[in-house]
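Look at the two complexes coming up: chain A is in both, with chain B in one and chain C in the other.
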Partner chain A sequence: MREQRRKDAVWKFLTYSFIIVMTIGMMVPLYWMIVAATLPQEEFIRFPPRLYPGTEFFANFAVLHEETQFVISIWNSVFIAVVYTALSVILCSMAGFAFAKYEFRFKEPIFYLILATLVLPIQLLVIPLFLMMAQIDWTDTFRAIILPWLANPIGIFLMRQNMKSIPDALLESARMDGATEFQIFYRIALPAMRSSIAALAIILFLFQWDLFLYPLVILEDPGNYTIPVALSGLEESRRINYDQIMVASSLAIIPMAILFLVLQKQFVSGILAGSLKE
Partner chain B sequence: MATKRSSSSPERSSSVRDRLRWARQDISSVLPSLTFAQVAYVLISPFFFLFGLFLLFPVVYTIYLSFFRYEGVSGDTLFFIDFGPFFIEFPQIAELTFIGFGNYSRMLGDGLFWQSMYNTTYILLIQVPIMIGLALALALALNAGFVRFKGVFRTAVALPVSANIVAYSTIFLILFNETGFINYMLTQVGIEPVEWMRSEFWARKTIISAVTWRWTGYNMIILLAGLQTISTQLYEAAEIDGASRWEKFRYVTLPQLRPVLLFVVVLSTIGTFKLFAEPYVITGGGPTNATITIVQYIYEEAFVGSPNLGYASALTVVFVAIVSVISIIQIKLGGDD
Partner chain C sequence: MARITLDELTKVYDPGGEAVVAADTVSLEVADGEFLVLVGPSGCGKSTTLRCIAGLEDITDGTLLFDDHDVTDYRASERDVAMVFQNYALYPHMTVRQNIGFGLKLSTKMTADEIDDRVVGVAEMLGIEELLGDKPKALSGGQQQRVALGRAIVREPEVFLMDEPLSNLDAKLRSDMRTELQELQQDLDVTTVYVTHDQTEAMAMGDRIAVMNAGELQQVGPPEEVYRHPSNEFVADFIGSPSINLFSASVNDGTLIGPGDFTYTLEDPLPVDGHDTVRVGIRPEDITLIEDGTNHATVTVVEPMGNENFCYMDLEDIEMTARVEPTKRPVADQRVAFGFEEEALYLFDAATGDALKTKTDDSTPDLHPEVSN
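Coming up: the complex of A and B.
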């Protein structure tokens, strides 16, 4: 018995050490970003480096703001990601509902076609999309960044799987009460899918937030840049130092971090609510 | 269910809210006239329109382009439809010369293509197992009953996913700088500093650690959620049978977690395969092309210097085919039927 208790104590110790080491490992790059963002350049590149933050954050930010349009880029990225996420969630849940609860011609083959595109890295359709956008003069516009990814296969897949779990009896009884099909959709199906919608919103927001290659090709005017494109531009420009880039990076983390912290719980329950059982 | 709102007398008020309500009633008075089957078509058609235009057509067009040499943007008209008052013109998308399988045969002798395939596979084979292993271990640890402050640890480990893709690449660039934090720590414990970006071996390891840092927490969250759906009765039954910690993991946790694990493995494989921003920012593909990935090579062929869109399309076709086949194999091997 005592042997067992000692073993358990060792096991607890190992588990805690592992968690703590990993947590520190995850925090080091973020901490280093803040150190770099709050020091003047000369002090930052010195070796051995200073290991604790300074007080120059706002001075660095002032230079960044004066020399670049980075603040506009944050707004651009948030705007694009929010509009994209909202539209795509609506589109995917409508289509997902149809696939889960209605019968129509070629339903099965169409669903398998969508399923097949699930394994395609769709961000790689850059070349045809670029040619299409160039042809209709949409380069350097936000609609060119938003529209092509609205019909996201992962979205329809997730919504279809989760909407299958809505009991048919519930929909039937609503029909008996005289609800129209659209009322059933937005009064019953959508509210029941709240956690799935939150999960999908995180996935789609992150998808758009992480797009880099495509906006890099489409966007030309620095006033239209999204965060990743603007950041990679900062790196190439000689007037901007790493301390300013780190200020930009710190600011760029905030929107996604807020979204993730707020929706973390729903993300977990939503993504598992039946999506993986098939 | 159907809450019919009696329309208020029009002369009483015409506030915005009332007008909105009338508009909604107008709309809903049109909608119910659709039959059950028609509703389905209304629900799916916006999705299909965009899906066809921006996903299916580009896929087909990429394959088409891969048989041509790209000569430039075209101003010509491919065909037009004349309805009298409506005149719809379909422009020819690009000026092209048909070269058959020319792009594909060029690929066979293209050293840089093979190099980039090799680099991508190398990074993938090391990065994905490490990341999934760490994510699973963390999920198991944070699922243990005795661990406190779970929420704090979970959030801290998952926070890297909030970092912007180019931003975190830049952070790793300065961390692994010759005079950066990592080398400083190495000298503190008495190890020679490493020239991370100058050696093939270490440049690849830098990319691998960056990708692992960002995505471990994300995968951990999904795996943790999967662990929490496993019924405690299964563990209790195993305990009664005298199962050890390892046996419980091997015979209860792993089989129960299989669908979630498969989901995570497939997504991570696709994700690492299409690596672009990290090598583009951290190493620029160097040293001597040791970290150039396939997507980066496609980007350079298509958009840097003279645009070889035909050749880049052929590269895309081959690459997407490989990724799809690997994903399908993983799903076949990992699925239970």
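Coming up: the complex of A and C.
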């Protein structure tokens, strides 16, 4: 009995130690990024490094803004990500609902075809997409950044799996109550899927927020740059401005962090939803 | 209110090219205001038939009439029917008030106030008015059941359809709700089709019961008639608890010869005329344990129920059940003699299962096992 308890305690200690080490490993770069954003360039490259924040954040930010119109980039990124997330959530939910709850010809092949597109890396799609956008004169526009990714295979897959957990009787009951198919979708299925939608929103927002190569190719006017594109510009200039990159990176994670904090409860239960058969 | 007519209604499922006939030319008429129970083992097509009436399944062949209107091709929402589902299917994100009012909101032009009046009225009728602000998750099974009923009642439909609505409740609550449902149906006087696999429920609730098996309608009639005069062996076997004792017997000049040296000479051999073998059926309550007789069986188990004893016996390899007075309590392995009246005897065609003879006694037997003394 006592032997067992000691074993448990040791295991617990080891588990917690492992988690703490992993957490520190993940937090240190984040902390260093924030500290570095507040240091003047000279201090940043000093050894041993300074591990507590300095006072130069706003000065660094002023330089950053001068060189890159970074505030506009933040606005661009937020605008694109929000519009994209809203539209894509609707589209993926509708597609997921159809795949989960309706019978139609070639349903399975179509679904697996959509899933199969996951094996295509973005790098492969960038050039053909750019050529298509150029043909319809959409280069250097936000819609060119948003539209091609609206039907997100991961989003469709996630929603299909979770929509499957909605009992058929619920939908049939609504049908008998006189609801149209679209009313069934948005009045019954969507509210029942709130947590999955939160998870989906975070996944889609993150996807668009981090999208780099494609906007880099499509966007020409620096006034249209998104954050990753603007960040890459810092590295390409005469010298690498670490302090500015750190300021920009620190700012770039704020919207993500806010979104996650707001939705984290739903996010976790949304990810778990559909993992157990009910 | 409406009369429902099913005319050779057929439903064929075709998953992956393999046709499954779930309902096979079912013809049935449900009178205006009648409470009809569709009963049968699982997979017999009773739920499919109900779903066809509801409009949740396309009808493959045949017609469905409400009064004289052909509603075969109508959508569920156009049929003016309300359905109570086995798992209640309450909308989880809506309050009880919204759940009950949802159908009215979507399918009528009533104002919010009018809807609310109706919802409150129905909630009062069902005794759930204090739950109107709660979400389904906060309710007990019985309360959820009432909300589901309320949702059906509030629309004042032509037809109620109920798909095993009591099967998720515990035994006590189930029998309470059974009575309540019947009273409610009588008050509202709405034509009701009720599906269950529980033959006790069917016997207790139905004005008439319709027994189905393998997609086919076996028999429709009042509970007593179906019990006393089953049209075939399946119906006899399915209706009645404990179930009827059945075994094969050869016919020799009006004498039945069965397993375990069972012999019985028919006073009226006419029903078995022209048959070499028949299936013999005797209800457990018609078997009496007697001091001395020609037929014997070996007792295996006796279950005392308080008001009666269930005596299980082996007639060679056939298990027989007898319902006997509580004072009769043989022990295991005891050889007992048993007897029965010929009026109580059922005989079925060995090949087709069709009834050759059913009960002919005039006395009204004890039909409901749970109210017997």
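Descriptive notes on the structure:
Rule of thumb we're sticking to: the second predicted complex is superposed on the first by the 258 of 278 C-alpha atoms of A that agree within 3 Å, B and C clash if a C-alpha of one lies under 4 Å from a C-alpha of the other, contacts with A are read in each partner's own complex, and residues count from 1 in each chain.
By our rule, a residue touches a chain if its C-beta (ideal position, glycine included) is under 8 Å from a C-beta of that chain, and two chains touch if they have at least 3 such contacts.
Computed from a prediction, not measured in an experiment: that's the story for all the values here.
Contacts of A:179 after superposition: both chain B and chain C are touched. Of the two partners chain B and chain C, it is B that touches the larger number of chain A residues.
By the touch criterion defined above, A:169 reaches chain C but does not reach chain B. In the superposition on chain A, contact is made by A:192 with chain C only, not with chain B. Within the superposed three-chain model, A:120 lies in touch with chain B and out of touch with chain C [touch as defined at top]. On chain A, the surface patch touched by chain B in one complex and by chain C in the other comprises residues 174, 177-179, 183.
Across the complex, chain A meets chain C through its residues 167, 169-170, 172-179, 183, 188, 191-192, 194. On the side of chain C, the complex with chain A involves touching residues 54-56, 75-77, 81-83, 85-87, 89, 91-93, 102-103, 106-107, 151, 155. Contact residues of chain B toward chain A in the complex are 1-2, 28, 31-32, 34, 36-37, 39-41, 43-44, 46-48, 50-51, 54-59, 61-62, 65, 73, 91, 93-94, 134, 137-138, 141-142, 144, 146-147, 153-168, 170-172, 174-175, 179-181, 184, 187, 213, 216-217, 221-222, 224-226, 229, 245, 259-260, 263, 266, 270, 273-274, 276-277, 280-281, 295, 298-299, 302-303, 309, 312-313, 316, 319-320, 323-324, 327-328.
Interface residues of chain A, counted against chain B in their complex, comprise 11-12, 15-16, 18-19, 22-23, 25-30, 32-33, 36, 45-49, 91-92, 94-95, 97-99, 102-104, 110, 114, 116-117, 119-132, 134-135, 147-151, 153, 156, 174, 177-183, 185, 187, 206, 209-210, 212-213, 217, 227-229, 231-232, 235, 242, 245-246, 248-249, 252-253, 256-257, 260-261, 264, 267-269, 271-272, 276-277.
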